[in-house]
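What follows is a pair of complexes built around chain A, which joins chain B in one and chain C in the other.
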Partner chain A sequence: MTALRIGKGVQILLLAALYVFLYGPIIYITYVSFQANSVWPFPPEFTAKHYISLWNEENYHSGFVNSLAIGIGTGVIASVLATMAAVAILKYRVRRSVYIAGLFLMPLFIAHILIGVSSLMFNKMLLGLPGNIFSAILANATYATAFAFLVVVAQLARYDWRLDEAAMVFGATPGTTFREVTFPLIWPAILGAFIVSFLLAFNNLEISFYNLGATPTLPTLAWGSLRHGVSEELYALAALINVAVFIFLGVMYVLLRTGVVRLDYKD
Partner chain B sequence: MTDTVLKLDNISKNFGPIKAADDINIEVGQTEFFALLGPSGSGKTTMLRMIAGLEKPDTGTISISGRDVTNEPPYRRGIGMVFQDFLLFPHKTVAENIMFPLKMQGASEKDKRENLQWVSNLVHLEGLEERYPHQLSGGQKQRVALARGLVSRPSLLLLDEPLANLDRELRKEMEVEIRRFQIELAIPFVYVTHNQEEAMTMSDRMAIMRDGKMEQVGEKFSLYHDPASQFVASFLGSPNAFEGVVSSVEEGIAQINWFGHSIRARAHDGLQPGDRAVCYVKSEKISMLESGGALTGVLRDIIFKGQYADYLVSLGDGHEITVSGAPMTGLKKGAPMHLDWDPGKADAFRAQGGAQ
Partner chain C sequence: MSSNKRLFWWLVAPGAIFLILFLILPLASIVVFSFWRTESYTLIPDWNLDNYIRILTDWTYIKFLLRSLSMATIVSLICLVFSWPIAFFIARYGGKFKLIYLLLTSAPFLTGEILRVTALQQILGPIGVINMALSTFGFEPIQALMYTNTATAIGLTYLWIPFMVLAIYLSLLNFDFELLEVAKVNGARPLRAFWEITWPLNRAGSAIGVVLVFIPTLASSITSKFLGGPNGALYGNILANQFGSTGTWALGSAMGVVLFAISLIVLYIVWKMVGDLKRSGVTIKGGAEL
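Up next is the complex of A and B:
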């Protein structure tokens, strides 16, 4: 079999094109967020006025706090439930695990808007619970748990559960076994599940919208402001979120490089 | 046995249709090295897992040091174990791995350090304490696994083919070492292996397992020299097998007609004249005579093994017999051979349908 041969120059070009494709929009948004004219920002005319108006808009403050709360609340619930489900299926090999796994994945196939509407109806009409941030967290957790479960199961499928057995033989109770052996080895999977479900809930529009009503989140605010044309604070907002993500990745990178944190112990 | 540490009574375990343990009874004493020997799938690992509490027997009781632990979880049995794939904790250093059982017992920092020191000296691990398992060689991992099994001075140590992943050189060395640890600690070792040399080298007593059943339990010498079943006779050593019809049984010695030759061996299974029987003679129990003998043939080949040699003797009618003995320089291929053995050292059993 002959390998597909391409020249060094072509490789570099392809790589560059890929990065432009991935990062072009992000860089452009960051650039525009500093421009006075956001519709056609050439030639450049730098300004911080979008950031100032973002800062002055009280709605965005409470929206950010609410989104953060929904993201963290959903992330915690989803990653804990998903981990418990994955451990039950993979470690304890509960009966009919295929069907149980299927049930966990079911919410993936339901449109978000339906989850939003139906959980609103269920919570409000049947249970008499008012729509608030907690019902938004619970509603988001339904499908976020499904995603988190996928992430955790994929990672834990490679885990050697005999290590847990070894710990038990050497005197560790099931709780201690989880603390001493399982968790230190699988936490990257749980963190991954948390990040995925956090981001899903943080960015979710439909489910949060139906469960929150007038309470603002970043996505509902952005969506609301879109109806009057792209408002310029959104560029600043998008740029700030990207910066936050880059800082997070940077910190993770440094921790991994310096060996403070290890993801994989296999040699 | 007065100093019994481990006692299994009527232990049975099924996995669906598979009988992994079938009415097992064993006792292991305080200072005993007990080997469980058997072919793959005979239920050796299942037995150890039941003793450790990782698997629950369907019926029967297990007691350790006089205490019934049948329904106790693994972490309340106070035993040590060395696993086949070592199963060291990859995120813990060698020292943390070894001290893990002590940590679980809530031992003091001083206690942990002292025991770590003692066991690292015992198994020669000095200087490796701060390494992680992935930075160790196979032999070193093996030593860490042993150290972790021994560090809390358990009442019993279980070992599941601990040397299977090591090369021959290292295995020979570790066989001697493990036996030394057992004598030094004076606790019983239950050692699983499918390597009979290993079992012979190390153990005091052994049990031969097959399809979840104990075929025979006893001193290693008596198992080797006085097999009680056809399986044990064929499994241990490298025996020659002769199958034929019993012509007479006198004073416990059966005379078997094997392709016109008369073969003599101890009769088992209540053999009667007219029965089909299979007779096993270990290759080193056959002697080469100047003349006469039960069987005659010519020397086809000599396989030199160092300390001894295998002589392959052709009987003319196409059959071949292996005789082991001291390497001799005088014998040449094609030389006439006269073979015989003491009938008290050969064993005949009732032939099972389709046996060799």
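Up next is the complex of A and C:
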């Protein structure tokens, strides 16, 4: 009994340690982003100058717009393709659909740098396309589809497909059934998939970098800036992006809580 | 073909075609390019094995490959050991906070690699807060944290540990914790119960977690570039160089193919070690197997 209690205590300690490990740097960089002296910001001396210099860098404005475009484009493609596949696999239970699931999960097992350089080479050499925002969206959408697929499958695993059958019995076409029955119930899962793939693509460096040519995004600008030594406006950028991610995940939390099924679908 | 079957294919076809066109075909194309050669920034279809011979015989490339392999092995093992108790706790005792624990674990991942590395530089680097604090209070700074492979390993663990926790957690979702109670009643101590029941039944989660951490770590270039210092370059950095300043795309493609082949081998080994995936609990309740 005591061994069990010690075990549980160790687990709680490790969970706490994980959060300190994960959030220590995030909290610290947010603190530094408001400090005049970024090397040793003690005692604190608050300032907004890093935020002002971030705002004054014109590059970051176009970078933000481009990142947004990549995020939205990728999010739409990934969530639509993933939802279609997840619904098909879970609803129709066709034999061998496990291979299709494997195909949709495959991008998770491929390093981003390989997705980046291979799509660069493919577009340039075989299709003669220069790098641009569209090729970046298409390349990002490959692995984002895998993440979106995971989110939707996890959410829909306990969706009751008999609802759809009932609608079909009353003469609804598959299209109408989806619009009137399935979609109103599963939209939180789809939006969750969109949020995850949007954030991944918005913040992606390795894939976007190789496909963009000279088009700047927030991560490629941050990369350039970090390469030339520490730039203090990056602290402000990191703080802002972290806040944005948290807002999005807060939305997702509400969605998952109110969604058809929860991630912990155990009875 | 029944109408259900037809609908199934209509629904999966767009995504499947998309992935074949924009993921599999590009990957196949670098296999082709890896047998060509580059001359002044152009690829020339002059079939040869020189790129592979160079990668597999030149000590520089082997050295970076070995360094990346050991980095990936160490980081995956660290992630595995630390994630198990954490995932176990969330799955067993998480209760209604499970989702919050999980979202808190995954949130940093979504910020992107470059900003996370920026934050880590502020903690680990020579002017990072740890060493600044030590020197301010009159202690020796920790050399190991300043632009070393250790710093890279910490950074990679930081980046990828969320994947491991999630993978193990998902495999524990369908685990029946009552089994542990039965073991306890029959006199098994907690550690023995873990080794004989929990671990064997949930190896699949660990295997998937290890692969999900191993592959990106093996290919990593950004973390080592900004945390590893002048002697910290990894295979991924050398690979990235071929597509940057040097412009030797054919050699870069071959390096990519080698990386991909190693990923497949690791996937195969881990899969073999796990054995029968189905028995180990990676099923979505309701019957769809993944």
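In this text, the second predicted complex is superposed on the first by the 215 of 267 C-alpha atoms of A that agree within 3 Å, B and C clash if a C-alpha of one lies under 4 Å from a C-alpha of the other, contacts with A are read in each partner's own complex, and residues count from 1 in each chain.
Keep this in mind: contacts are C-beta pairs under 8 Å (C-beta built on N, C-alpha and C of every residue); 3 or more make two chains touch, one makes a residue touch a chain.
Only a predicted model underlies this, so the values are computations on that prediction, with no experimental measurement involved.
Peer 1: Quick one: is A:Val117 in contact with chain B, with chain C, with both, or with neither? Answer first, second, both or neither.
Peer 2: second
Peer 1: Quick one: is A:Val169 in contact with chain B, with chain C, with both, or with neither? Answer first, second, both or neither.
Peer 2: A:Val169 contacts chain B only, not chain C.
Peer 1: Between chain B (first) and chain C (second), which does A:Ala69 come into contact with in this model arrangement: first, second, both, or neither?
Peer 2: In the superposition, A:Ala69 touches no partner, neither chain B nor chain C.
Peer 1: Under the stated touch criterion, name the partner, chain B or chain C, that contacts more residues in chain A.
Peer 2: C
Peer 1: Under the stated touch criterion, which partner chain does A:Leu185 make contact with: chain B (first), chain C (second), both, or neither?
Peer 2: Touch partner of A:Leu185: chain B, not chain C.
Peer 1: Determine, under the contact definition given at the top, whether A:Leu129 touches first (chain B), second (chain C), both, or neither.
Peer 2: neither
Peer 1: Between chain B and chain C, which residues of chain A are contacted by each of them?
Peer 2: Overlap of chain B and chain C footprints on chain A: residues 262, 265-266.
Peer 1: Chain C touches which residues of chain A in the complex?
Peer 2: 3-4, 7-8, 10-12, 14-15, 18-19, 21-26, 28-29, 32, 38-40, 77, 81-82, 84-85, 87-90, 92-94, 97-98, 100-101, 103-115, 117-123, 125-126, 138-139, 141-142, 145, 153-154, 157-158, 174, 196, 199-200, 202-206, 210, 219, 222-223, 226, 230, 234-235, 237-238, 241-242, 245-246, 248-249, 252-253, 256-257, 262-266
Peer 1: Enumerate the contact residues on chain A facing chain B in the complex.
Peer 2: My answer: residues 160, 162-163, 165-173, 176, 180-181, 184-185, 262, 265-267.
Peer 1: Which of the residues in chain B end up touching chain A in this complex?
Peer 2: That would be residues 52-54, 73-75, 77-81, 83, 85, 87, 89-91, 100-101, 104-105, 132-135, 148, 152 of chain B.
Peer 1: Report the residues of chain C in contact with chain A in the complex, numbered from low to high.
Peer 2: 4-5, 7-9, 11-12, 14-16, 18-19, 22-23, 25-27, 29-30, 33, 43, 82, 85-86, 88-90, 93-94, 98-108, 110-123, 127, 129, 132, 136, 158, 161-162, 165, 170, 173-174, 184, 189-191, 211-212, 215-216, 218-219, 221-222, 226, 236, 239-240, 243, 249, 252-253, 256, 259-260, 263, 267, 284-290
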